[in-house]
Amino acid sequence: MKRTPENCPQVLSALFDVTDGHTMSVAAEHGAYSRLETGAGARIFGRSQFEIIEDVFASGIRGRGGAGFPTGMKWRFVPRNGEKPVYLVINADEGEPGTFKDHFIMDRDPHSLIEGMIIAGYALGVRTAYIFVRGEMLPQIRRLNSALQEAYEAGFLGENIKGTGYNLDIYVHRGAGAYICGEETALINALEGCKGQPRLKPPFPAISGAFESPTVVNNVETIAALPWIFEHGPAAYKALGTSMSPGTKLFSISGDVAKPGVYEIPLGMPMKEFFDLAGGVVGDLAGCIPGGSSSPVLSSDECDDATMDYECMKELGTMLGSGAVMPFNTTRDPVLMLQTLTRFYSHESCGQCTPCREGTGYADRVVDAVVAGKGRMGDVEFIQDLADQFEWTTICPLATADAWAIGGFLKKFRSYFDAYLDKSDEKDAGRDVASLQPGGFW
Amino acid sequence: MSKVGIAEVQPQDLTLEGVAERMSKHQARIDELVRRYPVKRATLLQVLWLIQEEFGWVPRLGIKWAAGIAEVSPVHAFAVTEFYTMYKQVPPARWHIRVCQTVNCLIQGSEALIAHLEEKLGIACGSVTEDNLFALERVECLAACGNGPAVQIDDEFLYGPEELNQHEDGWHTQAADVDRWIERLRAEAAAHPEWETVDQLGGIILDSLGHPGAPKASGSPNQETYAAAPPAINLNAEGANGKITVHALIAPECSKLVFERSDDDLGFSEVGAIDPSTIKGPPGPKTVTFDDRVDIGKTVYYRAIAHSGNRVATPSSSIAITTEARPEADTEYNLKVLSDEKSGKENGGKKEVNADIAQASEKTANKEEGKK
Amino acid sequence: MTDKIQITIDGEEHSVTPGQQLIQALWEAGVDTPNFCYHEDLSIAGNCRICLAEVEGPRGWGLMISCHMPIRPGMNVRTQRSSEKVVNARKGVMEFQLVNHPLDCPICDKAGECKLQEHYMSDGRGESRMRDDIGKQYAGGPDHQSCDRKGQTRGGKHIDLGDRVLLDQERCISCSRCVRFMREVAGDEQLELASRGDHTYITTFPGEKLDHEYDLCTTDVCPVGALTGKHFRFQQRVWFLKKTNSIVPDDSLGANITIDYNEGQREGAPEYGVYRLMPRRNPDVNKSWLHNDSRMLYTQLTENRLTEGLKHGEPCSLAEANTAMSAALASAKKIAIVASGHATNEDNAAVLALLEKLGDRAELFGGSWLAVGEGDGIARSGDPVANRRGCELLAIPDNLDQLCERVAEFDCLLTVGHDLWAADAEKAVALEGISERLVFSAWKDATASRATVAMGVRAWAEVRGTMVNCNDRIQMLQACPICPNDELMSIWEAVSELSGVEWDSAAAWKAVKARVPQLADVSYRSIGALGQQLVSEAAVAASAESAEV
């Protein structure tokens, strides 16, 4: 399967279509672990931590989990005074609706992740690293564990790795079903055996994260790109993509396209070209969610000019997020789509902050009422107002993501909602009378 | 699955000792889990998985037992069990079919598939078939949208026509595929009435050295010296009229930076040292500048040697610079940095900064124009 | 004292104490800021989001929770007074708080002191936008959920959480205060918020009871009517209650409390009485906590009280008892007077005055036979003799055991507010060798019942006076106007009457001050509500020396 456009190097997807690419022997044929060679020309071992961190900084790679924070910057914050151990935690709690790229990496190229973790671990002074995998992905956990076993046997993990004196253990930690664990502090809580609820910041994990120690939480894709960066040099990576969004990125595309799947494209590629790479849109494009469910939806007009990078998406009032692209055609009902999203966020709210705990559920129930034909005039504004009330008022951005999803759909597909309200039996019902009757609630 | 009636389904004859006895066969994995984390609490989620593996679900005494292993309060363990959706708190069906209902799968036909399954199994979502073989549940995104509507049977993904977990790009789950699986599983149930357990931790390595300091762990921490001492990098120089400023980037742990100069790029001698702690700025790498004077028109070489405590890094690559006289404006200067052809020494050889020359002289020119 | 720092609130400069969170600074500056989850003596959870304020940062103005925003000099803040955004954000939070909260205020015991009510009035929307047809998501654990007649799933109501606490799961607003109290203060995590989203509910481990010496504090920290104490439930509407500041009399830490009482329409009306003791925040003593046993002390204010006199166990009037006592003292050859660590300094000063008046005929004894336990680091020192330190300062000896050995020397015993027989009956039996036993007591206790003459006095809640706690902090008891018999006197009044002087409150305090050099700079006013730390004896001596020089 063709996963990249012409002239784009396969930074991440090189092994995706290689039979048994997840095994050490096949991966090694394709260069896995070659970056870890020692002696003359060593790219990692034997160099200083500082140089490796600065190389990552120079590559310009940005976190691929959704927020797009520069990875090198994140690493620079980590104190290296040796007072407390530094932890590396890989965020493999992939659950943003529409995203399945990390699923692919763990399934088809786990060794790139492990090698990247060794590089990151070496640079950050990590003794123990964890891969937090979402609970639903047991097959991927099995893949990772067998890949880790191979890496231990080959001497890339454990103590005194390849005679360098560097020690690293990597453990897989299985989550148990909570989308919010994709938020880094919630993930740390889940790792520590607590409810996966985001923590107040500051302190940020780079200063005090897992086990009250400096912790770097990176996405699978970010780390899996490191071997390529150290193979070809940071400048080569930075030359890909755009100046502000260097490199390539995996995009998971699904929905109304002919060939859904994971594609690797340089950042900055026009969205339409990307659709064509994925076999083209099926039917007439109505809109597209460009970066996972949390990113506000784009109308088909906006899709025409959009390019796949952080900056353009920001200009359009949405975001690249985790790179989950969901085009949908004119036969789809945006109202039902929004209903699944509000349900998703209310189901996944951790229940900590009031606006998110109560608000996402309330907004969902109002959307349900609209879908069920019990909407009232003014409900669109009402839902939007509720969304505004839980946007940016919570510890983590989950409620904000819900607010954006709501805002995007209400704004760009307003007519669909109005059509529901027009058909509603109760469209003219008042808002306040029944609620004041005794026994209305209790 | 419905949670009402959880208290009633707890096995009456189960005791905490009974749980411990049943769990004793998993001791090797529990020991490994305890080794992995600096605090025992972190094992909680994993121990709960082991309980679910052993019992098929998580009875409340199992939660309590897990709390004992993880050294947390029982109510903490209970809250954790309630928080996550994958711990089953009622005795399960033999196979648990999860169908994703979130937005992509909706587009790709999840509602039709769910309706089909409800009819096929004769149950509503959230309930269990009468023969206790299948439970059907709507779930949120399974991160398998490319093959949507995403379906999971127990822990295995249905994303190919033949085998579970046999991934096929662009393949979409069809009702017929799920039907085939249901028939296959029914046949399996007829042939093998006993349930099989599946390793819920996915085959963890059982003999790791563990987290240094954790119970039963033998791992040792990293020595601070496993990596080379951090050198100064990104050396750069500019100057005119004999005044030269050298820049270098150093690591936060660097305690002293020594600048050395040479006329021939061979014999270097110290021309100054800087204590980075005097440089104010946010934590992280620091840019150090060093000012020097040389004769106009002379080519000199600089390099920097970073000290971190008592560790001395290898010298940075050297950089060559020739200052030119610019008599028309003493404060403004032109700069010309020579690239050294003899590069290829350690640390990647010489730094080239030719690109900056044009820019710098352009700036100078602009400023001069502005003055006039 | 640390220097104050300047911050700008709504365009006005305010100087506030550094090192605190913005919400505290706002309170200090007199800006009302609502809070649910924030509690000054618990860790910061930052989950209720009601205290949002606008703070200027490097990226412009942003809504921040003021409970997790350390103040720094020059900080620029906008509150509800100048920012529409803050007002709207709080309205939003209030609306969400109430979306799934039952509107059962009329039958809720917290009504009147419910933060939800308070902040709805100050920060809420006023007009409901609630959609009745949408229904609520009542939070409740699976073990207590039920379905009402309308088909609505309901959370658990009046769940018997433990011996002392009842839980209403529907009313919980998931602020996690009780969870944090049990985890951080009590050190015994028995409560947790289970499940997630709007299904979150508060629970103990299923089938287990909440049981801790401080578990009633969870009802104090609960901002709503989710956790209520069984002892106070449905006893009284809080708006009928008045409060008197005092300290607990059963521990030498002297936890600060308020005595919540209802004066009633008329004396003797059914609602007349003390209804509860509530911890009163004192960061230097008990923070916001109160031991369950101390909290239940109010019940003894009406039980078994000695409201008149007793002569050989037979009731008599207070005046008769007084006369009998005077006569007994006058005729006695050698009197043993036992001062008490349970009485106030004023009481003991009156005893000392009496001792001096009686001259050689009387000898002073003191101390206690009660066992001293370990402090719990929360609100108890473990020493049940509340004013032991005050006795030391008044130079009252600790020699009760000697008295037992020397009973033959005495023909009269006077005990003051001290139930010796209850403390150690085996030792106290020796004292029955003294023929005349005079007792001042608030209760018909073991000592009073063995007295030849006993006289009722006011109990600790009914007197004004001072005690010195185990950390040398002088604190005040205030008189709550609930007394079973208004004729009753404080111990110091009764004793001073016995010694023939008519003391008033000022004279009693003056007598205390005269005997204790450390109290030179102390007055009732300077003690105030939160007490005053005494300087050490050495420091007093040093300053006296320097004054001499």
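Note that the chains are named A, B and C in the order they appear, and that numbering of residues resets to 1 at the start of each chain.
The rule is short, and it goes like this: a residue touches a chain if its C-beta (ideal position, glycine included) is under 8 Å from a C-beta of that chain, and two chains touch if they have at least 3 such contacts.
All of these numbers come straight from a predicted model, not from anything done at the bench.
Chain contacts here are complete: no pair of chains fails to touch.
Inter-chain contacts peak for the pair A-B, counting C-beta pairs in contact.
Note: centroid distance subunit A to subunit B, computed from Cα atoms, is 12 Å. Between the CA-based centres of subunit B and subunit C the separation comes to 51 Å, rounded to the whole angstrom.
Subunit A has residues 178, 195, 347-348, 350 in contact with two or more other chains. In subunit C, the residues touching two or more other chains are 193, 195-196. Listed for subunit B are residues 72, 76, 79, 83, each touching two or more other chains. On the side of subunit B, the complex with subunit C involves touching residues 3-7, 60, 63-64, 72-76, 78-79, 82-83, 89. Residues of subunit B touching subunit A in their complex: 36-39, 41-46, 48-49, 70, 72, 76, 79-80, 83-87, 98, 101-104, 106-108, 139-148, 152, 155-157, 165, 167, 169-170, 198-205, 208-212, 219-231, 233-234, 249-253, 283-285, 313. Subunit C contributes residues 36, 44-50, 52, 62-63, 68, 88-89, 91-93, 95-97, 99-100, 102-104, 127-137, 173-174, 193, 195-200 to its touches with subunit A in the complex. Listed in rising order, the residues of subunit A touching subunit B in the complex are 1, 46-51, 54, 76-77, 79-82, 85, 94-100, 102-103, 107-108, 122, 125, 127-128, 134-139, 141-142, 144-146, 148-149, 152, 158-159, 164-167, 169, 171-179, 190-196, 211, 252-256, 259-262, 289, 293, 324, 326, 328, 332, 336-337, 340-341, 343-344, 347-348, 350. Taken together, the subunit C residues at the contact with subunit B in this complex read 142-143, 145, 188-196, 203-208.
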